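Just passing along the structure, written as structure tokens.
Just so it is clear, A, B, C and D label the chains in written order, and each chain counts residues from 1 on its own.
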Amino acid sequence: MPLSYTIAVIAIPLLMFLFLGLVGVKMNKKVTGVLGVCGMLITTILAYGVALTYFFGTGEGQMVDGVRKAVTVFNPDWLSFSDQLVVRMGIMLDPIAAMMLVVICTVSLMVHLYSLGYMCDHHGNAEKGFQRYYAFLALFTFSMLGLVVATNLFQIFIFFEMVGVSSYLLIGFYYTSPAAIHASKKAFIVTRLADLFFLVGILILSFYTQTFDFFGNDVNGIMGMLDDPQASLAQAGTTTFMGCSAMAWALTFIFIGGAGKSAMYPLHIWLPDAMEGPTPVSALIHAATMVVAGVYLVARLFPLYVLVQGAMDIICVVGAFTAFYAAAIACVQSDIKRALAFSTISQIAFMMTSLAVSSANGQLIEIHGGYGLGYMASMFHLFTHAMFKALLFLCAGAIIHAVHSNENDKMHGLHKYMPITSIAFLIGCLAIAGIPPFAGFWSKDEILVAAYEKGLGWGLWMSMVAGMTAFYMFRIYFLIFHWKKHEIHTEHAPADQPWTMTLPLIILATISIVAGFVPAANLVTWDGAPLHTQLNWTVACSSVLIACVGIGLAFKMYYKENALPERMANSCRGLWTAAYKRFYMDELYQFITHKVIFQGICKPIAKFDRAIIDGFFNMLAQVTNQTSFGIRKLQSGSIQSYVYFYLIGALLLAGITMACVLL
Amino acid sequence: MESLGNIIMYFVIALAIIVFSVLTVTSRKILRSATYLLFVLFATAALYFQLDYAFLGAVQIAVYAGGIVVLFVFSILLTQKPGEDAKPLDSHHRWLGLLAAVAGIAVCAVALFSYTQFCGQQLPDMADPDIAQIGHFLLSTDKFGYLLPFEAVSVLLLACIIGGVVIARRR
Amino acid sequence: MNLTLLMYLIPSLIMFGCGVYGFLTRKNMIAIMISLELMLNSIDINFVVFNRYLFHGQMEGMFFTLFAIAIAAAETALALAIIINVFRIAKDVDINKINKLKF
Amino acid sequence: MEIFNNILIYFVIVPLLTLLGLALCSNKGIGAIRAVAVAGATVLVALAGYLVYLFLQARGAGDTSEMILRSEVMWYAPLNVKLALGVDGVSVVMILLSAFIVFAGVFASWKMNPLPKQFFLWFYLLSTGVFGFFISIDLFTMFMFYEVALIPMYLLIGVWGSGNKNYSAMKLTLMLMGGSAFLMLGIIGIYFHSSADGNWTMNILEIAQNDAIPHQWQMWLFPLTFIGFGVLGAMFPFHTWSPDGHASAPTAVSMLHAGVLMKLGGYGCFRIAIYLMPFAAQQLGWIFLTLTGISIVYGAFSACVQTDLKYINAYSSVSHCGMVLFAILMFNTTAMTGAVLQMLSHGLMTALFFALIGMIYGRTHTRDIRDMGGMMQIMPYLGVGYVIAGLASLGLPGLSGFVAEMTIFVGSYMHSDVFHRVLTIAATCSIVITAVYILRVVGKLLFGEVQNEHHRELTDASWEERLSTATLILAVAIIGCFPNFFVNIISDSFLPIVGALENAARAAGMM
């Protein structure tokens, strides 16, 4: 299959969006849903074809001397800023782009299919806004695909905004619910704030590079400048501002942009709230695809980041801290989707850390004669995580659909009622906990190896977080499916959902089992050359052991109803409450945005405008008016006063004349 | 040297003018004001007679004293309730008015007294202009003819009549 | 003793002063008109006197007075018509209370 | 006459003919009035489209002259005042924009009541002024058309407005008139220094060619003209007419005013103030740059706390128009191109906003967002339109706001000194604040539960309202999706101006 088919991969969702958005609203709901699924199915088939061609074909210049090169399929000008600075809208395929195509299309297809069942009530009637929902899904898929195949930094920025808006629209899908509106607004504004940094980063970087392209077709792209010491990029490395090079500033700002989308601390606050959206949306956007855009962005600029160790260190620290922080919060959440959301944050932080631990002192760390193991591991984990996290979310969706609640205490003991869902969820948990041979084990293991290689401290820290992951995932699992007998709250007993919802679960579960055997090391590496890896038995065994300890602990505490969790919570009540309240980050933001910015800046400015600026002009008018009124008194209309004035004038004139004549 | 009768006549007229003028503007009963005005006008007419302008004096009596004052009296009777006096003036108004009047008089007086070359002029002899002559002048277009103003005044009077009718007409 | 020009001007001047005083102080519109007549009259006297003393061969002053009398008559008639009309509407002839047409 | 062979003059003649046609309509015949108004607007759109075609053809044929379609008629020989016509890329797109807004405005005021005939009469008089301003290159003629565009505003707001309309109309007119007083002083000053040899001229191109205005005079005349136009461009601190004026104006007038009239300010700033006085522009630019930088952030912050829909948009306009002047003062082709894109974008988007607000207001009779909610359920078409306008305003790629803002930011960042960069970064912050106030109002107005049960009975947009908004949405999307088409038309027009600025800088030894 020619690589130029990628255009169709991008175009079909766009056309679906336009069609469903403009025409679909007048059509039958089910028909639009089926149309959406069909469109997505075609997209997915094409995407698989393109990805397979890219990875295993040789025809279109993707393999040169055993190294996979980026292939620019098409790259027309979109907006010319100046002769050199041109924003292009193109399609570029390289290992990570091809991999992302597969991930996005797979998850998106699953979600499309799943939503056919999920977005209906128990009688099979589609919800209000069903067409809109599918239109937005198509829009999101289009934006995300456009993002990953971007040929230049600015295109990534453009699609960053687009996915942000799609996410906004989908989180706020239930637009009558205040919580959903609030969450969607928060998500948009926080990511927008991050995008501001991204934009500034782009501005700084492009000022030196004079191009946005990664690999230029006619001009040299950013990556092409890396080897050339005369290139303007080198200048960016030496120009300093406040002690750091322009390059470091630019890359740090760009990372902040990515951190906003990828929910890194302290910009993570929007993600848990984003769970107000429909659950399939959470699975697609807020677990599998959009939230890894930040990771993707850093990976995309990986060769640049390697040059600037400062930026890498920031990523490393932020990533490692976020991984722990989110895992800690996930351990105590009672809302299933929120717990999964924090788990997502933690896992994405894993990927970020993994990227950052690939280098030290401005050089890639050598492992087994290969470089950039962390990069490979990160991308691999991105892939596997997308699959099993989507699975977990879709399972959660099925449960929520069955019991009509997000809270753990409304669930309990569902294993008996929903066996398929239960098994799928278990597979997902095993995968994320890192139990071989499930997918998560392989990718997480590589990450840990890379972390240990960077330093023992990093490795231990990440291992600890991996253990916590196993614990909180199984805590959720046991609380939902076991703990105690289910109390039936509604007239329907919870049961496995229709095939449209279970089929995606089965497919994703299968992928979660086998995805670990994808030869990622040969396919996605930072320079395109295959990376030789081998299982590090020490790390592998220890991580499995840690995971098992976590699972065991969770089993002990949550398999059967008992008082142990309560006792433990009581033993350190303060810490528990803080974690449950997510360490008060939301309250902090609330304070900053409402008290400081809204009350402290906006209101005084608006008052200043009305009172001082407008007041000044009104005062001008008032003064004129008052003066006029003052003068008007002279024009009183009273003849007698006129006569007085007349007399005064006449007498004065006469007096003056006489004085002149007589004296 | 004037005849004594003339001089006495003059003083009587001058005194009448001064006294009745002051009374006209100070009386609080408006009807009395009008009456005093009538006396002033008569005195003026007398002055004209003394100055040998008999026709003018006649006109003064006929038009002014006979016409205008009657108009005043009628309008006073139409607008004034019997026994209603003007309110006494507050003092600052009176003093202000007095000051203005006195200042005006003073300035004029200073001017008059400083131009002594004609102020001391004797009364020259003059024949009383006869009516025929006046009529001739009024209707002639010669150098001293007043036909144009005469016609203008007639138009004015016409306009005035119409205006008076239109304004005073009860709607 | 001679009757000089000045002697005739002095009563006229005082009459004018009274007219001014009356015009400035009276509230009744008719009284104001009366004061106005006083002033007009004093001017008439001046015309006549100047004509008589300084240009006794001619009659401009006299004619001027003649016309002035005519116009004064017209003016008074009109003014009184207006005053009466105003009185009908406003039930008052106080000059300070007639202010309905003012902005 | 020869001038009638020039297509440009028809941009003035067509509105005038429409005026005539409207004058002939009877007061009662609403159908005839609408027909005439629509016909006029349609002809204008067609003419504008044809003008773009002519322009592209001329440029394609290698015509690189600064202005095309030149023609001149002497008006008043003693002062050398001419009716001089000519357009470059910027004027062409501005004319296109104006034609679109007039078209949409006519449909937005479809049910204008009372006195529809008189409303359209003034409306078309205003349009005449706007088009006349964009086609002329003679200072006197420009100023005349400028005034023609301003005066009808007073009546349009004073008679057909809402709320505190007398105050607003008076304030708007007085402040803009104050601005034009400055402007007239400036123009007179320019005229008397327009040439070194005493052959004074009003023609902009000739004045720029002569480059004879002494530097010490430029230092006086530049602020005069810049403030004169800046008042219209809502530059801080001369922006306060904008919130009150827009809040009281009827829908179509708000559209035309924010959409086109405010653009006259930006257009005049670079066409007259900067082009003719590049030296002073270089010397004094930083003052105005600071003011416009303040405008951007200040307007955005002020918009965050407003509760009246129109006030929100008016402050947002202050912010966006500040961006226009900000970019113009950056003195490079990229930023200035961005400024024109922003004018286009803001013109269409704000017109769309005001149209939608007018339609919502016409139904609910309130503009206070606290009294409304859940409009999306009641009037989905208007709701979706509002969301699209909002997204355009906060700079969603694919809609016009994004390309304009990005061009401005990239162009502004091309300056390598700290002053310009700090201002640029401050200006970029506005994209976040914009998102805040747009999402706030969208959340409160459209989403959530219906606040007022009476609102449930309201209807969605009628066909003419749909047409009006769809035209604008389409235009916004076209600019957003195919920006290069416009950039190519616009960017060459700035070469003479940037060239003049560089010469001035070189002469002053700044470069």
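Keep in mind that, in the parts below, a contact is a pair of C-beta atoms (placed from the backbone, for glycine too) under 8 Å apart; a residue touches a chain by one contact, two chains touch by 3 or more.
Only a predicted model underlies this, so the values are computations on that prediction, with no experimental measurement involved.
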Per-chain Cα centre nearest the global Cα centre, belonging to chain: D
Interface with more contacting C-beta pairs, comparing A-D to B-C: B-C
CA centroid of subunit A to CA centroid of subunit D, Å: 37
Between subunit D and subunit C, distance of the C-alpha-averaged centres to the nearest whole Å: 66
Centre-to-centre distance between subunit D and subunit B (centres being mean Cα positions), rounded to whole Å: 72
Where subunit B and subunit C are represented by their mean Cα positions, the distance between them in whole Å: 7
For subunit C, residues contacting two or more additional chains: 20, 24-25
Multi-partner residues of subunit A (at least 2 other chains): 644, 647
Graph class of chain-chain contacts, one of line, ring, star, complete, other: other
Touch relationships between chains, expressed as pairs: A-B, A-C, A-D, B-C
Subunit C-touching residues of subunit B, taken from the complex the two chains share: 1-2, 6-7, 10, 13-14, 17-18, 21-22, 24-25, 30, 33-34, 37, 40-41, 44, 47-48, 51-53, 55-56, 59-60, 63-64, 67-68, 71-72, 74-76, 78-80, 86-87, 89, 93-94, 96-98, 100-102, 104-105, 108-109, 112-113, 118-126, 129, 133-134, 137-138, 144, 146, 149, 153, 156-157, 160-161, 163-164, 167-168, 170
Subunit D - residues contacting subunit A, complex: 171, 174-175, 236-237, 239-241, 244, 298, 301-302, 304-306, 333-334, 374, 376-377, 391, 394-398, 402-403, 406-407, 409-411, 413-414, 416, 424-425, 428-429, 431-432, 435-436, 439-440, 443, 446-449, 483-484, 487-488, 491
Parts of subunit A lying in touch with subunit D, wherever the complex brings them together: 77-82, 85, 87, 154, 158-159, 161-162, 165, 168, 172, 175-176, 178, 181-182, 184-185, 188-189, 192-193, 195-196, 199-200, 203-204, 206-207, 598, 601-603, 605-606, 609, 613-614, 616-617, 621
Contact set on subunit A toward subunit B in their complex: 644, 647, 650-651, 654-655, 658, 662
Interfacial residue positions of subunit B with respect to subunit A in the complex: 96, 100, 103-104, 107, 110-111, 114
